[in-house]
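One chain, chain A, links the two complexes that follow: it is found with chain B in the first and with chain C in the second.
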Partner chain A sequence: MNAAQAEPARSPFRLNGRQLVPILILPILLVNAISFLWPTFSLLRMSLNEPVAGGAIRETLTLQTYIDVMTDGFYLELVWNSIYLCSIITIVTLILSYPIALFIHRADPKWRSILTLMVISPLLVSAVVRTYGWVIILGDQGLINAFLMSTGLVERPARLIFNNFGVVVGLIEILMPYMILSLMAGFGRLDPRLEEAAQSLGAKRFTTLRRVTIPLTAPGIALGCLLVFVLSISSFVTPKLLGGGRVFLLATEIYDQSIVLLNWPLAASLSMLVLVIFGAALVVYSRIVKALD
Partner chain B sequence: MLATSPVATQAPGAEEGDAHLLLDHLQKSFGDFQAVEDLNVSVRRGELIALLGPSGCGKTTTLRMIAGLSSATSGRILVDGREIQSLPAHDRDMGLVFQSYALFPHMSVERNVAFGLEMRGIARDQLKARVAKALELVQLGHLAQRRPRELSGGQQQRVALARALVIEPSILLLDEPLSNLDAKLRDQMRVEIRDIQQRLGITSVFVTHDQVEALSMCDRIAVMDKGRLAQIGTPQDIYERPATPFVAEFVGRINKLPGQMRDNSTITVAERTFKTTRNVGESGDVTMMIRPHRIEMVKRGTPSDGRNVAHGTIARATYVGDILEYSVELTDGVTLAVETATGGHSRTFSHGDEVELRWSPDDTIVFGAQA
Partner chain C sequence: MEQKNSIPFTIVVGLLFIFLLAPVLLVFPMSFSGDSFMSFPPSSWSLRWYEALPQNRVLINALWTSLGLASVVTILSLVIAIPAAYAIARMDFFGREALFALFTAPLLLPSIVLGLAILIVFVGVGLISTFPGLVLAHLVVTLPYALRVLATALSTLPHQVEEAASSLGATPFTVFRRVTLPLMTPGIVAAAALAFLVSFDEVVISLFVVGPRITTLPVELYRYVDTRADPLVAAASVFLILGTVAVVLIVERTMGLNKAVGKS
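Showing the complex of A and B:
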């Protein structure tokens, strides 16, 4: 075989790698456009319409709904309450998940897959079912109160649901698998030799954790926190059920406005607000990741 | 095993008296696999001892047990006569240079080296000075602000060395700390390590599979083979009086010829007879060993003055800088390796030259054949 034959024949249908990229990306671009960009655009459009009493909508282009949201103390409180609760949820989920993820990461390989499966298994059960589970546990006649009453520690049932506490507990449990999986994904850089090196240089256990283990796993921590924050701020079934109409969050308010009060423009502008919060969280995340590198 | 009396178990264990670091019947198994078996080594205060052995013989495993990073399956580790197995790694005051360096990737070179001093609560200005000095020592002062991944392998290795040296530990454990350096830098670092080690009197265990390193730097050498101690002694002991064929072959090159003992000092190898003064009670089938550079090569017919003599033809001559390596084929097909220094007065031979080989009965080492 000579050199000329070895050379692939140039046909007009043959594309080089660079030309191939847009073609390969096209399907996902299409899916994204149809399932994300178009609905987002529709929401944006809807938020600029004017609500009319009785659930009707008048098509115009006005920023009035946004102005109402920004000037009404109730909605601002809603935003802060959401960010505040979801931050707490994120931090507590991280603290609870970190030791579990570390334990699984260090476990014998044959145990590791079983443990990972156990972490994932709650995801097989719908969040609604798991939330009702928490109602059974935390409710006035629930497991915990029944126990507390039987021991005589309390006379009347303690309020464990239909308040912030119930929502936080429920969401933490529901979001922990995501946090644990993100953390484990980020543990790749964690070489046990490095922790040993720290110890041989005189670092006690906690110092090793603080100076070596946590910094090395920071990318996983950042990822897990982003994911849990975003999932918690957009989740609505659990806050709805465990909040019992007394916990006001963005997601539940959007639901109420769109389904109950039929004020679609308001629901749409609140949705845009959530999108802005997502954007802000993403910016913070990418800043952190960049700083870590 | 059953026959071993308590006295006998104590006997091979190193003398406890003046030992700074003592490994007593140390044993480590991973499942069924014995990585370290019945290891007895006593290291005196301020001594630099080499742990020499082929890959996988258990050197790193031994160091990790000393450092407290893995626990012994059985046996004891003593420092100044006190057992330290229950002491956690961070309380052992030992500096360890990892074979894989184990530098902290999220810290600069400077922070890496400072880490151990910070753990000891050294004041800031003193800490800075000591870190700078340690980095100077390994010739990396100019790279203090770099991250480890921005360094070459050899530079990383020197950071690892500086990080362990800077804390001036009472015991220094070095796991092939020079394996990735070029010949010149390696020579310099050998001198530096030896210098610091002696100046501060740090008891050191130096793992290597480079025999030149072990012979040139260390007070004593412990040769390990498949998890067991094959021999421990001074470089001269190990090189001149190897205890086993394994040690003889592992430390330096050596010729190996099968033969029979005729009497206590005469060996026959394929109808030739050679004299030896090195036979310790072997008889029957034996292996005769001679170091290539202990063989003198002369033109035929020179008087032999009582030394062993063999005739042969040069089959191959290889120039390797300091020395010339010859392969000499004896008349009956046996091949011997011979080394001579290049330059100076020694004359050189080339392919096909007929030569006479001579060596002293003192250099004729004999081991039983089964070993």
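Showing the complex of A and C:
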């Protein structure tokens, strides 16, 4: 066939190239080794060292920092709080994103591209700017409090940031584009004729959604949830700025331990813990995808 | 035959879009505030924060550093990723897929973990608070993006033109320079824009690498928001958003993004 005919012509071209592979690959391999592989192994090695008072580090091979993290009530709560908040964020993000994705999927092509652009555009704006936007909305003298005060519903400004609420709201909005795009990618399997068929057989709109639309789009839901959970566990800027130092999550603790308290072994083992949570999320995801097939 | 979007559903989705876009849009009115602190809606309007912006030496110096850094990172990303993408998309060799996985693996690590890992190594070799240190740290995240975009662009190019050139006696390098490179221009523009935006916006990894001698704009904006609450950052954000729009428009003009997204 076509490929077989092209083969003799291509082979000298490929043979010449193959000797060049090491030279073509070498620069990226060097950068990867210096700024990824070496740091990652150093991080693993660092987690096995022992912190000494005053920010010094003793080089040993011990699991002490891991044992400390697992037995200290503060860190257990930190891990639990991170997983708990990020699960809430994932679920609410899904609920708020699904209608948008469904709407875009059903819109006619002209609107579809404009709406998709509106979903993508926040991704291009820095997380610092978008978090600052949430301070404008949720701050003590922000939009919501101005509205609440003017209606007389509250006398003093309600605390909407520097607590879990602010962090959750900010992260939901910041992560929504990822969820919407994942859902839209999964909507390819959704044939409008199936929904049509369900309704012409007498199913109500909500029944159609529950029994036809959502099961068909489940792979996109699973992908979006994995992505949002993983991104929320690892996000730092939004929890730090909207948490105002009062919300303790894994990512903010890694930063504080490494930059403020200079306890690198502890920061390194907390980092490893984040990677373990990532791995667990991936395992759950692949189980779900397998079950769906 | 299509399922229609009903009117109540349209209203719900409209409200959700307002939720999604409000934080970015509110930055614009906030930047024209006449107040000396953050309060929305502002009690008066003025251009005072736009006048204050160029007076802030820290932010202006950080802006120049970030622009220089993003430019160097973009050029290096292309110079390093184009040969690698060519090898991965066009050649058969042992370990090709494993290497591609290794080169894109940094994207799987959270920035906070990658930042700490880079800090631990860079402290030992004196790269903290240096320009080369920031370049290396940013390349870790820009290279996987550039490599992916370029490898995809290359694998969708037809082989035939290159094969014709090479069978007519052109050396592999000439084929690459005269045929492949011009054909992959849209991919190169997209990779360059992505690398520039990722580097210019990068905060978390930079936080671990910056120091008293050198700092970037996103890091300084982050620190400003963390310690003070006034509309100066809103004025700075307006410029950042407009800059991003400009980059996207350049890409659209070169690639015909609109045509690719809307009409095909």
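Some notes on this structure:
Methods note: the second predicted complex is superposed on the first by the 254 of 293 C-alpha atoms of A that agree within 3 Å, B and C clash if a C-alpha of one lies under 4 Å from a C-alpha of the other, contacts with A are read in each partner's own complex, and residues count from 1 in each chain.
By definition in this document, a residue touches a chain if its C-beta (ideal position, glycine included) is under 8 Å from a C-beta of that chain, and two chains touch if they have at least 3 such contacts.
Since this is a predicted model, take the numbers as computed values, not measurements.
By the touch criterion defined above, A:L43 reaches chain C but does not reach chain B. When the shared chain is aligned, chain C comes close enough to touch A:V125, but chain B does not. In the superposed model, A:W80 lies in contact with neither chain B nor chain C.
Residue contacts after overlaying the shared chain place A:R189 against chain B, while chain C stays out of touching range.
In the superposition on chain A, A:P215 makes contact with chain B only, not with chain C. Touch criterion met: A:I100 reaches chain C, while chain B stays clear of it. Touch criterion met: A:G202 reaches chain B, while chain C stays clear of it. For chain A, the partner touching the most residues, choosing from chain B and chain C, is C.
Put simply, chain A uses residues 193, 196 to touch chain B in one complex and chain C in the other.
Within the complex formed with chain C, the chain A residues making contact are 6, 9-10, 12-14, 16-18, 20-21, 23-25, 27-29, 31-32, 34-40, 42-43, 46, 96-97, 99-100, 103, 106-110, 113, 116-119, 121-122, 124-137, 139, 141-143, 146, 173, 176-177, 192-193, 195-196, 230, 233-234, 236-237, 240-241, 251, 254-255, 258-259, 264, 267-268, 271, 274-275, 278. Of all the residues in chain A, the ones that touch chain B in their complex are 189, 191, 193-194, 196-204, 207, 211-212, 215-216, 292.
Those residues of chain C that touch chain A in the shared complex are 1-5, 9-10, 12-13, 16-17, 19-27, 30, 37-41, 79-81, 83-84, 86-87, 90-93, 99, 102-103, 105-106, 108-114, 116-122, 136-137, 139-140, 143, 147, 159-160, 162-163, 166-167, 172, 175, 197, 201, 203-204, 207-208, 218, 221-222, 225-226, 229, 233-234, 237, 240-241, 244, 248, 258, 261-262. Interface residues of chain B facing chain A in the complex, by the touch rule stated above, are 67-69, 88-96, 98, 100, 102-106, 115-116, 119-120, 163, 167.
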